[in-house]
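The letters A, B, C, D, E and F name the chains in turn, as written, and every chain counts its residues from 1.
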């Protein structure tokens, strides 16, 4: 008997889009509002989880052809490297810098190196959560 | 009593209404006989309760700081969008996993529909087989 | 005086032996080995006159100066005696072994061990540093272990080696503790400095403990009662080893130690009584047991034990000199110490000789069982002669050095019984009487050696080889020793003046230079008590030897039947079975038991220190209380309490989810939006994970634990909850310090973030976050490997590539 | 007065949650429980909205949205588990 | 710091420990999950009373609640998620290999 | 600013990631791993020398002054252990190069080993109590993966217990941290120490200290060692060696750190409770070591005994005893690695793990036999091997402190160590040979070299103790005088004013 998932799938497509947008927003606004790398990453990965639940691994993989293990490794490495960069530049390990720049379109914007660190965190979270879920699921 | 206070009161009353709705659905959750009927209580009235409350919250913040919370609106939209789907999916799962209807139910239309579908499919298959036979 | 550094010569040689053995893989390697002790012997001889004149040789090489441990070596008269014995007997033993060992044996190993031992032994007697002394002391145990187990494929060898190792290392560890106590009293590891500080030590509280521990080391090494049991089993070693280690050198290390520490501990009644009594008991027990042995080597082992006891008791007698009142008394008692050293030298000569003869018999006949021997006199005349010399000397008959020694022993026993500073009523006659009885037994077993082996009827049917005289090379060493046995009898004062005499100031420093400290030894000293005693020994000995088969039966009755070996076996066996029983009882392998241990310990230790030590001061003040908070508390309590009782795992997981979501709302109440966000997402993902894994796991079965277990579990759980609550309530009331977090409220100026929590995570405590990411990553990849990498089917637990 | 009303609303929501927890424990069927969980999620969401009004802070808006999202995902996952026993399929070919 | 929260923590610990002591693997793992809930609650309770504003500088002028425990709990939550995930998968792999989810039987797996 | 302090942690971390990406090429993995280990050793030596010249080093992460930020503090104690960790883990890895199955190598065996080392080094260097928790978790997670890696039935069953117990241990850690934060309100160890001293270590703080004691006791295997023999005896030799050499030592280190720096005011805990636990551990370990016939289990119980012995130093609580424990820690890391690798090699060669099923191995593998002999002597504390000096100082400390029962227990336990290993040596290496030359499996040089190097190391430490002596003396001095550490950390800031 073939499952009739039309409603679910249609709604999910919209919902996933909302979640993804929201996740990115959380990630970016984390410095001044609730959110940040962890939460952003978690929300993004929960969007992916929804996709996996509603669709299936192979379908999703066609859309998102990523090796999540490597994503996780890359993220974690990025986090460590962002700290190392400061050390190479002669600051204490993990020193972060921030400043205000007047950018053409965005106006006065605050840019911080924490964002790179946070990106690493987010990537690790996404990569890890998906790796775990996929590893278990593929073992069916 | 200025406009803001009125809005605040409206918001609070919306919330209390939401709370009452949700209590009603909770009573439904206890009292109704089977999962299918309970799901009505849980999904429909509960969704309404939440919507009322969120609306109340939205109004309240608007009255308080003239703040239009996009997230709250998004939340309302989201609940509106997902609650019926969730209800649908879970009930379908219930039916497919063979949860019994309450004894007082008169008719299981979905089951009948499924049976009909099965019969039609069988019929079709038989026809096809017949055609194949005749073709040979 | 570089001869001191000769200590390292044997080690260097031992290191070279394996290489040399590649070049010369036969018995000729022995000649090279023999060069080592010979050179050292010559070197030591060359400084004998200097030592006799009262000089000493010192060399100090820093090792661990920070710890006060230096390779400090010091040769005085006492060390010199031992040094000469070690190198002298060592040379003869190597010479003997060249002919004794077959070329099929792994000679490289043998000689390496032997040299190792030699170096270690020299180190023991030359060291001036307690720790270095200990190091060499243990090294003698180890090399002796290796030598005893030279034929390690034999079970008996392994057994004997293990026994000797365990007992001597046990004593060694005790000795180490004693040394450490000495250090804590004196602040130095140097023996000489300790001796100079000796007078101040006796009031220290640790003095007695240190003394007993040092004695423990000496007694185990010198096979004193009740630690003698390892020596007979050590006879599994090749005979040269027995001749060297277990008669002339290693067992004498204990004697050396006692002599060396006499200046520190002597003059104390505990020291006097313990050393003398242990010595005399060992003397009696050893000689008594020697008589019943059938194996010649075992007989010699017991005889060694007994004579070590004799020397030990003499040292004990001598130590009383340091407490005696008048000069005359002091000198008189100190002569016991002189006798000890003199007897020790004699013992090395005749016992080494006897071991070598037994080795020859073993070598020629393939057996050392006296029940299968007899009448070898005609076939092996030279060996017979040598055996007679050795045995008679041991029995204390003239004209051999044993006679002199025995006379001096009797004299000392009589002296000490007639007057010593520690006289105890009733015990006055103890030493001479026991000594006399033991001498009778000594006489008997000496006769047994001679008669049962060489005289009496031949029993060719019990031996499968036709015996003949040993090769000349094998006879050289015993012959040289025999020469000493006779030579010392005729020129005892030569040894007394150059060898023993210089050692006396080392043992009795306070008496140094007193006239008569080094007595003039005379073979004939008139009809006095010792001579009468000797005559008595001979008479009684002959009677008992002749009637031996009639009274032999007494060995079947307790207490004569008793064997301390049983105690050792019982200890070891009991330890093995007992430990297995105990360990397997609590190491059940059951996770629940382990959790029970942990939580019970938590209840006892943490709960105990909270509730029993008055720390528990609960603070029940409510700052703010809201009805809805209480409702949520109730919700969580409700959900939590239901968890252990629900019947399906889905329900339990759902309840866990309820708990998680409710925690999120508590985070809201505590104004922690970031936490609430994280908590909800994590909770959902965890729930999804549970569901994913449920696919592979069977559904719950009801818990089938007995009611008692459930009650215990419940009580432990309640206890844990109560302790945590108690702690938290107490902590709540403990308001002493402000948190440091006020600093973080400047996060915008400091780190450019308005979200303080995020600023902490990303900046102030970014390191935590970084590592947390690493943790997450490891877990993720770990899950992946766990699932993908499965054990090979049918592959056992044994790894392999 | 406004606050009192809000508190009343909050208490009503928490009562609902209590009842839903009861439903989770009682069952009887799995879908019943999942529905109850869904309901708890939705009511928590509402409670948080009320709480944030009470505390007059906008900091919890994200939580509201997240809770909505997650209770949806959770419900979908549970229903798929009930239906198929497998949540994530390798290939959807049935 | 509220008394009722502390008591709730105690209840959670009790339940969790009871579950831990069970023979079933999943019960045990649920026990660890509840344990971590309890400790997070404990951490935030020990961080001080909920008097103050949300630690967002833009929201209000303070005083703020103690933000440090929040950061710590966040770390702790993620770590306990990581371990729980690993433990779960380990449980399922152990079941796959040994064929039992009863911890009591696991001891017999030893080859001694 | 001393960024060198973070290198012992960052180098292995980054190496781990690089190795992760180098998964397809085992050869490249080995090359990078070797280079990384060498640089790690170089950095550790450099750090140690820098500490000698400049005193205690401090690195404030992100430049945030203590007590607000996280910091690494390098004193001689930590640096010595970091150096030992680097060397020992390097040698174990070299052994692993030859002994690890290809499929394990493909499944990130090396990255996980490096993460383990990173966690260990981080735990040794950190000066922040919560960061210690996080570093522990890095180490533990890596150990969880390693202990399960490719395991069959019994390995998984034992891992299950190992992981579950450690999860509970981590829970206790968090509980203790919660209470400590609730009372003291800070996380920097030096700052905690200042505040504890200021408040006087009352009964409540002592009780909290007991919870910390439980945490570290679980990690170190002090009295609460039930999990240890099973989990250390089931994984492959290199993993078991890494565990035995590093993991429990970190617990011991943490115990020393916390109870000398922070909670040193209540002697009923430091002297009484820890002393009693140490004695019981010694007794239990000794009994266990002679109770079993599986050589891996015997080796595991030896780990327990060593933990008990090291804790004697803390129970005695004087500078001499601290010195003894520092020496013994260094010694034990080296020798446990050697012991477990040797035992693993024996199993590898014979396919058996029980002493009654092996015999006469020394004829076939003389070098292995003698290495085992050295191991035995060194473990029993016989000079001139590395165990001796630690034993001497511990004993000296016990004598000076008047703790004769501890002295007795400690010295007697070394007899049990000797006995348990003698059993292995005599049964497995001596006796009749059972393996003929033809069916003798080769023990290749790649495995023997790391083993021999470890053997040489234990001899070198014993003979060349003087080289270590100033560092160890400094380490013990800092342990005995916490104000030095506090001054180095908080010297320039006055956090409470």
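Going forward, a contact is a pair of C-beta atoms (placed from the backbone, for glycine too) under 8 Å apart; a residue touches a chain by one contact, two chains touch by 3 or more.
These numbers were taken from a predicted model, which means no experiment stands behind them.
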item	value
Between chain D and chain F, the fewest steps along chains that touch one another	2
Topological distance between chain A and chain D, in contact steps	1
Which of B-D and A-C has more C-beta pairs touching across its chains	B-D
Chain closest to the assembly centre - both centres taken as Cα means	F
Chain whose Cα centroid lies at the greatest distance from that of chain D	C
Chain of greatest Cα-centre distance to chain F	B
Between chain E and chain D, distance of the C-alpha-averaged centres to the nearest whole Å	21
Cα-centroid distance, chain B relative to chain F, in whole angstrom	58
Averaged-CA centre spacing for the pair chain B and chain A, given as whole angstrom	31
Distance between the centres, which are taken as Cα means, of chain D and chain C, whole angstrom	70
Residues of chain E touching at least two other chains	1, 20, 25, 28, 42, 45-47, 53-54, 56-58, 68, 74-75, 78-79, 82-83, 85-86, 89-93, 97, 103, 106-107, 110-111
Residues of chain B whose C-beta touches two or more other chains	74, 78, 82, 85, 89
Of all residues in chain F, the ones touching two or more other chains	13, 20, 61-62, 130, 134, 137, 141, 144-145, 148, 151-154, 160-161, 164, 168, 175, 179, 181-182, 187, 230, 292
Pairwise touch network: line, ring, star, complete, or other	other
All pairs of touching chains, each written as two labels joined by a dash	A-B, A-C, A-D, A-E, A-F, B-D, C-D, C-E, C-F, D-E, E-F
Residues on chain C engaged by chain D in the complex (per definition of touch)	626-628, 631-632, 634-635, 638-639, 642, 646, 648, 650-651, 654-655, 657-658, 661-662, 664-665, 668-669, 671, 673, 676-677, 680-681, 683-684, 687-688, 691-692, 694-695
Footprint of chain A on chain D - complex, ascending	59-60, 62-63, 65-66, 69-70, 72-73, 76-77, 80, 83, 86-92, 94
Chain A residues within the chain E interface of the complex	32-34, 38, 128, 132, 135-136
Residue numbers on chain D that touch chain E, as the complex places them	55, 57-59
Residue ranges of chain A touching chain B (in the complex, touch as defined)	7-8, 11, 14-15, 18, 22
